[in-house]
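What follows is chain A paired twice: with chain B in the first complex and chain C in the second.
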Partner chain A sequence: MAGHSNWPEWIYIGIVVALMTWVGAEAWEVERLIEHVPADAEIIKVTGQQWFWTFEHEDGTKEIGELHVEAGKAYKFEVTATDVIHSFNIHDYVVLIDAIPGRVNTVWFAPDEPGVHDIQCREYCGLIHYNMRGTLYVEEP
Partner chain B sequence: MVLELQKPRPIWQIMFSTHHTDVGLLYLIMSLGFLFLGGALALAIRAELFLPGAQIIGDAMTFNRIFTVHGTTLIFLFIIPFASAVGNYFVPIMVRYKDMAYPKLNAIAFWMIPPAGALIWLGFADFTWYATPPYSIISAPGPAADMWIFGLKILGISSVLGAINFVVTILKCKHPDMSIGQVPLLAWSFLSSSLIILVAIPTFAAALLMLLTDRLGVSGFFNPAMGGDPIAYAHLFWFTFHPEVYVLVIPAIGMMYEIIPRFSRRPIYSYGSGVFAFVLLAIVGFSSWAHHMYATGMSFTEKTVFMVGTLAAVPASAMHVFNFIATMWNGRIRFSTPMMWAVGGIALFFSAGAGGVVNSAMPLDFTTHDTYWVVGHFHLFVMGTIAFGSIGYLYYMFPYVTGRMYNEAMGKIHFILSFVGTVLVFFTQHVLGLYGMPRRIFDYPPIPEWIAMNQIASIGAMIIGVSMAIFLANMIYSSGRGEPANTDDPFGVGGKYYYPFEAKNPSH
Partner chain C sequence: MKGLFGLSLTLVALMITIPAAGMVFAETDEPGEYLDRRVLIWNLFFRMMTVAFTVGAVVSGTIIWQIWRFRESHPKAKPTPYEGTDW
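Up next is the complex of A and B:
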């Protein structure tokens, strides 16, 4: 509708589209790799409830608010909740998945070196949401 | 307002009027009232988070209620009514019609908002503006939650009525000599956002009713204990509210389209691409809702689809930015207050969009999702882009509404303080999110980085608070005692303006 030629805008739009395509392709590639759970990953059942985390290891031992794992091993979390939606998060390892009552979501990680990390809830779940925290202990194998 | 002071009418004549400028004035004053109320809550939140531990807000429940009402107020009771104010003043004039298409409907749509606002404020619910189920069903205290649901229900109906009015006014009531390709971009922005509302809102309206019956215990749509699925609510909610983001931002972009060519003293670089970008945004806005839900356990394919849908919205937004810059290029720019707000708004719009690309990329979203990164990201839109465009436009329409000029120096100080404050608060919150601080938390552990970032953000918020006090003083003083404006060309930039006050119908 404008009377003049608009070529600079088309070049600009081309650059933006190319950039977005690149971002999308990279994200697709990385996510595809991340979602591939190693076959030997040990399963840890994670349950969120107002306002604490419960962990159950494969051998049946349970922990509340604390999680002990070994460095160098892969772990697969099966995450659910009993009351409202929570979100299981170990920020240092970019572990994040919603804990939803009635569903089991999975996420995995492989801690590489011993250390202590924060576990927190990242979805609003009520009164003590701010303090629904736990601690991850990554120990020597 | 001052026109009212100069030619006084009883207040009930304005309140019961159906004339578009009167309804616009009501929208304007009410939305600004809620801007200050919602802003005060924001200051309370920032004061609380200045240090770990309880500061000024005694308990977590009060804090949760405050951020819920803060968000609900500023989105539904400031941003949307403010856009309606501008639309009411200007759209009929831009399409050269005597009034809105349905004046009574217009007044009804306005008068639904104060009761809804009262429900939200008297209830003071705590379940976030997302009303997250099953928390909102089994755990959120009533009657606050139910009052919030009814309030939102009323606001939804009001939005739909307003949208119908804008669509009909623009498409059916425009002057016969005027083709749709000659309608100014501000009116185009209202056409696009109104069409989005008509498609998007009914979904949320349904979800709200389901939420209410779930709360009453007669259904279990979103309650897993009764076989329901809370993720269904997430889909219904975001199907409405991701497009709603564009409902909020598009009128603000339209306002910038009015300001920037005027103060650059050049015609808009490409009218066609502005229209194209509005319509494109209105369409692709519907293809990205589930990017809010990557962490709910979606499959890889779903995530990919919604990532592509989200990235598709970027070129449309980028076209607006290009259009603004190309218009200003070689323009004889006059940096009056409205222009400063518009240019600042564009800069922050670009920053917000760039941050949004990070969220949309699936693996990165797991770092940023539900942290302060997201808070910073969307506040750069709602504050940095929408409020900046809106406040700029308020300064722009001030002489038309009141017949007087605001104080230019105070307007510029307001802008500079607000811009500095906005950068301090929301850029810092992006970084805070990368450090992992979750949003919606009343208290946080004393991690040194978190404390430092929170303090910077709180100081920025106080700067914004000071700037808004200056703004309020300027508006009140200038509307009564300001210099009389040269209403032919109040900003001394020449060109043809739209004059709302000339549309005053003396019989009203």
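Up next is the complex of A and C:
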């Protein structure tokens, strides 16, 4: 249309593009940081099955329904499942990753102080999903 | 004037995005450091919520203002050619 000015639209587009880029870059950067596993992280194999969690430490020690770790150390979870899809969640440490049959997903964390925390399944996996819980014991080194 | 404004806006956008992209692409294969994922993830969440609520307030405020300003009964309302000039 003659005499029509569209500069406000260009400003709008510029602001939206800048915001989206910034939001994407921030999220990408955090994802990169938290996926960067420390070299000395101890590997713990986590297996989900209806309806409990099994943990296997590097030295072969196995635990069912509870997990003992030391404060100040890094741990890398290799998470899988034997039957249906579960999701391994330590809510207090913002650890959350799907446990999928035939696939190993990894997530790492470094508990900083002793304490007791809940472990739970975060993907509906059947009748007793609500009680597919475990306990994380973070102990003094 | 318009071009100058667009140029400066583009420059500001580049000044914000280039360093952010640089940090991301600077990734190496070296092992990561110990970090508290709780802090990183929740901080990201709160930053994103700040952006979301700010954008939401600006967008809804603009819509509310437009509805108020361009209603037929506004004292300064002007008919457009589409509505006819016989007001």
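Assume the second predicted complex is superposed on the first by the 136 of 141 C-alpha atoms of A that agree within 3 Å, B and C clash if a C-alpha of one lies under 4 Å from a C-alpha of the other, contacts with A are read in each partner's own complex, and residues count from 1 in each chain.
The definition used in the following text is that a residue touches a chain if its C-beta (ideal position, glycine included) is under 8 Å from a C-beta of that chain, and two chains touch if they have at least 3 such contacts.
What you see is a predicted model, and the numbers here were worked out from it, not measured in a lab.
J.: Between chain B and chain C, whom does A:V94 touch in the aligned arrangement: first, second, both, or neither?
T.: both
J.: Tell me which partner A:P38 touches in the superposition: chain B (first), chain C (second), both or neither.
T.: Touch status of A:P38: second partner only.
J.: One more residue to check, A:D112. First (chain B), second (chain C), both or neither?
T.: second
J.: Does chain B (first) or chain C (second) touch A:R133, or do both, or does neither?
T.: After superposition on chain A, A:R133 lies in contact with chain B alone.
J.: Check whether chain B or chain C contacts more residues of chain A in the superposed model.
T.: B
J.: Is A:W22 touching anything from chain B or chain C once the two structures are fitted on A? First, second, both or neither.
T.: Touch status of A:W22: second partner only.
J.: Can you give me the overlap between the chain B contact set and the chain C contact set on chain A?
T.: Common to the two interfaces on chain A: residues 17, 21, 23, 26-28, 30, 32, 34-35, 92, 94.
J.: Per the contact definition, I'd like the list of chain B residues that touch chain A in the complex.
T.: So the residues of chain B in touch with chain A come to 60-61, 64, 127-128, 130, 132-135, 138-140, 181, 224-225, 229-231, 269-273, 275, 295-297, 300, 303-304, 307-308, 311-312, 314-315, 318-319, 322-323, 326, 357, 360-364, 366-367, 369-371, 435-436, 438-445.
J.: Please output the residues of chain A touching chain C within their complex, sorted ascending.
T.: That would be residues 7, 10-11, 14, 17-19, 21-23, 25-30, 32-39, 74, 92-95, 109-110, 112 of chain A.
J.: Write out the stretch or stretches of chain C touching chain A in their complex.
T.: Residue list for chain C touching chain A: 2, 5-6, 9-10, 12-13, 16-17, 20-21, 23-24, 27, 31-38, 40-42, 44, 47-48, 51, 55.
J.: How about chain A: which of its residues touch chain B in the complex?
T.: 1-2, 6, 8-9, 12-13, 16-17, 20-21, 23-24, 26-28, 30-32, 34-35, 50, 83-85, 87, 89, 91-92, 94, 96-98, 100-103, 105-106, 118, 120-131, 133
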